[in-house]
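Labels A, B and C are assigned to the chains in the order they are written; within every chain, residues are numbered from 1.
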Amino acid sequence: MRGNRRQRQEMDLHLGTCLEAVRRRRPLIVCITNFVTVNDCANALLAVGASPVMTDSPQDAGDLLSCADGLYLNIGTVTAESAELMVHAARLAKQREIPVLLDPVGAGASEIRTKTAEELLISGNIGFLRGNISEIRALTGKSSTIRGVDVGAEDDKGAMFDANSALAAELAKRYSICVGVSGPVDRVASGRRLVLVENGDPLLPRICGTGCVLSAVSAAFAAAPQDPFEAFTAAFALCGLAGERARALLGPSCGPAAMRTAFLDSLFAIRGEDLDRGARLRRQGADNQ
Amino acid sequence: MRGNRRQRQEMDLHLGTCLEAVRRRRPLIVCITNFVTVNDCANALLAVGASPVMTDSPQDAGDLLSCADGLYLNIGTVTAESAELMVHAARLAKQREIPVLLDPVGAGASEIRTKTAEELLISGNIGFLRGNISEIRALTGKSSTIRGVDVGAEDDKGAMFDANSALAAELAKRYSICVGVSGPVDRVASGRRLVLVENGDPLLPRICGTGCVLSAVSAAFAAAPQDPFEAFTAAFALCGLAGERARALLGPSCGPAAMRTAFLDSLFAIRGEDLDRGARLRRQGADNQ
Amino acid sequence: MRGNRRQRQEMDLHLGTCLEAVRRRRPLIVCITNFVTVNDCANALLAVGASPVMTDSPQDAGDLLSCADGLYLNIGTVTAESAELMVHAARLAKQREIPVLLDPVGAGASEIRTKTAEELLISGNIGFLRGNISEIRALTGKSSTIRGVDVGAEDDKGAMFDANSALAAELAKRYSICVGVSGPVDRVASGRRLVLVENGDPLLPRICGTGCVLSAVSAAFAAAPQDPFEAFTAAFALCGLAGERARALLGPSCGPAAMRTAFLDSLFAIRGEDLDRGARLRRQGADNQ
């Protein structure tokens, strides 16, 4: 059964309203992120109407956070120094009541990545976590087939899918955060709710950084005044829908580089009503609402 | 009144000649810049005919400067270490009589950014400064509505516009440099002259890095044998015109990612005579020539 | 005389088989590379079917290498710290019998670049070296006209071409490695063999990072189970052919930014049989097979 508008209303999720709120408020998002996908993250934030500022320095981060609306942390090229910077910035953000999103890129693939993500979660300063299923499994202590930063292909199929949804929900509850898991079907979980987002395109994971971009966009949505679960879901639906729009524009044989351009431009073009019309949400059986 | 060719000739600015000089000489530009927009800066330098080399190490910078034609400094992701590197490199460049351009990204938004830009200006080793009006205001000690690295929306409207032009001219005089301010209408000031550049497109500021790119291109033009004010003005007109060309190619509903590609390719395609024909310059009333 | 299929078969090079092997095995390539072209390298690796992971930390690199298939080192923005990291990672990779490719960006242009490349070569942990002719000359102790990271225009013309091929072969023999030299005509040398690759497009060097991308792709091919010389040659032919495809799609007046997109998408689209059909190889007279 595909999600539809009526079901979404039953779920009481106003996705388009969240998008319009981001565009109206233009939240300033401080980003401490990897040097691989940083440019796409910045352009995606601009495309959805946010104002990005990247930093790699404790002095700078402290000042920037004094008037920021959100903090985006991404451990894609984490070092001992940048891990410390992230812990410091998350603490400041928490003090100032600014929402913090963590993308635990490659958690499970190296000790420094796993430990940094865990330390940030345990600190209680993180409000949103967005990863692929291998990363989420690693952070719940489950083994996975992760190698590097890509998702283990066997980790989310068949019966594993429901089990993984339960893990995401468990993680959300353990840390009192929202957890978003991207994959062929995305999941967003809070301690009370769980929703599947069926938007997307199979080419998106072949573009470097679409996961990071989804996280950056989610950080902007987290800074909107809406309900956190609702805003996070809107970010997932928006990015998936942007992939679908890009594919519709470019046709079946398009490559990932052309897709990237069209994906970013779709983030820019999609309006609140497009998002409400195009989002495909579904409650999962495991929904514990 | 829009600028036209005759007025430009009266101003004695030969913009196309500057562009052709860059393409002919292929200046080697050493860049110490942020990791967000560095790739666009490199591609823009290649597009206008310059040869970029990026560095993040004092040893490396020293050697590279020994045969360089220009130095581009950008504090977009400045750290305590890179600030020191920039100060060191600017001193070397000055000793070797190589022009240095500074882009004070986010000056006013954090202490480290403001202090680094000020230290570089006070050193006397900077010849060219290119920023948005919030950054320029911050460096003249004026408050602005800056948050992060974007321009404060209210900072350059109406009566503020002329006042800001006067500030840019004042800054140029104070440090004996050329100051370029980008915005809906750009301004280039030396101690004696002030010109408005009316080329551009409203989508350019929605692309991450177009300011940095303008600065990088300006550093290449600064290395041409032309008059510094003339060369700086040519760089502004070129980038604005490239935005116009991109828009003309892509139409009214294009997005920023497609625009970026077309903008870089327009930098590559525009010839000296195109620049002479397309540049729209105007003297300001405040012109103190 | 242009290379043709029959001659390639005589040379016993099965290029398409190498490409298909990369796509099938999806090798995990750990990359320690510059922050200028890192995103293109990652996207190119994804496009050919490999799985890239970038790192900038010793702890991280050690863990990632424990399940990696290849290591890519690039000194494009090398610092004292990253040079040390590269030496350390190359040693680990050697211990684990993982092939290591070095791109000596700007060797000859600064002491730290030259020394780092030499130290890595002398360590005996490098299996593949990919540079332009200025860099290769610098590493054989020959002077060149290099300034910055671009090739000296006069360094590979006329009689110099054959002399340079001999230098590449000499370097390959000295360190018992494969050496690939990119230029208007590429060369791949092992201690025993030398082949010219005539694929390519004149616009490729005007795109920042096509050299780095070729190196990254070569690192993925080096991780395939094929003969190292054969795999390296396949990577060169693939990248050259991708440039030709991009040009054929875009026409004679295309710019470098559009070309970049089409180039990356051609890397994604080209199949083994396309590569076998399109590769243009030639033995050189200096071939000492």
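Just a few scattered comments:
Convention: contacts are C-beta pairs under 8 Å (C-beta built on N, C-alpha and C of every residue); 3 or more make two chains touch, one makes a residue touch a chain.
None of these values were measured; they are calculated from a predicted model.
The pairing of chain A with chain C is characterised as different-residue: of all residue numbers used at this interface, under half are used by both copies. When chain A is fitted to chain B on its Cα atoms, the angle of the rotation, on a 0 to 180 scale and to the nearest 5, is 120 degrees. One inter-chain figure worth recording: chain A and chain C are separated by 35 Å, centre to centre, where each centre is the mean of the chain's CA atoms. Contact of a single residue of chain B with at least two other chains is seen at positions 35, 39, 260-261.
Remark: chain B residues 28, 30, 35, 38-39, 42-43, 46-47, 51-57, 59-60, 62-64, 67-68, 260-266, 268-269 touch chain C in the complex. Within the complex formed with chain B, the residues of chain C that make contact are 34-37, 39-40, 76-80, 106, 109-113, 147-150, 206-209, 253-258, 260-261.
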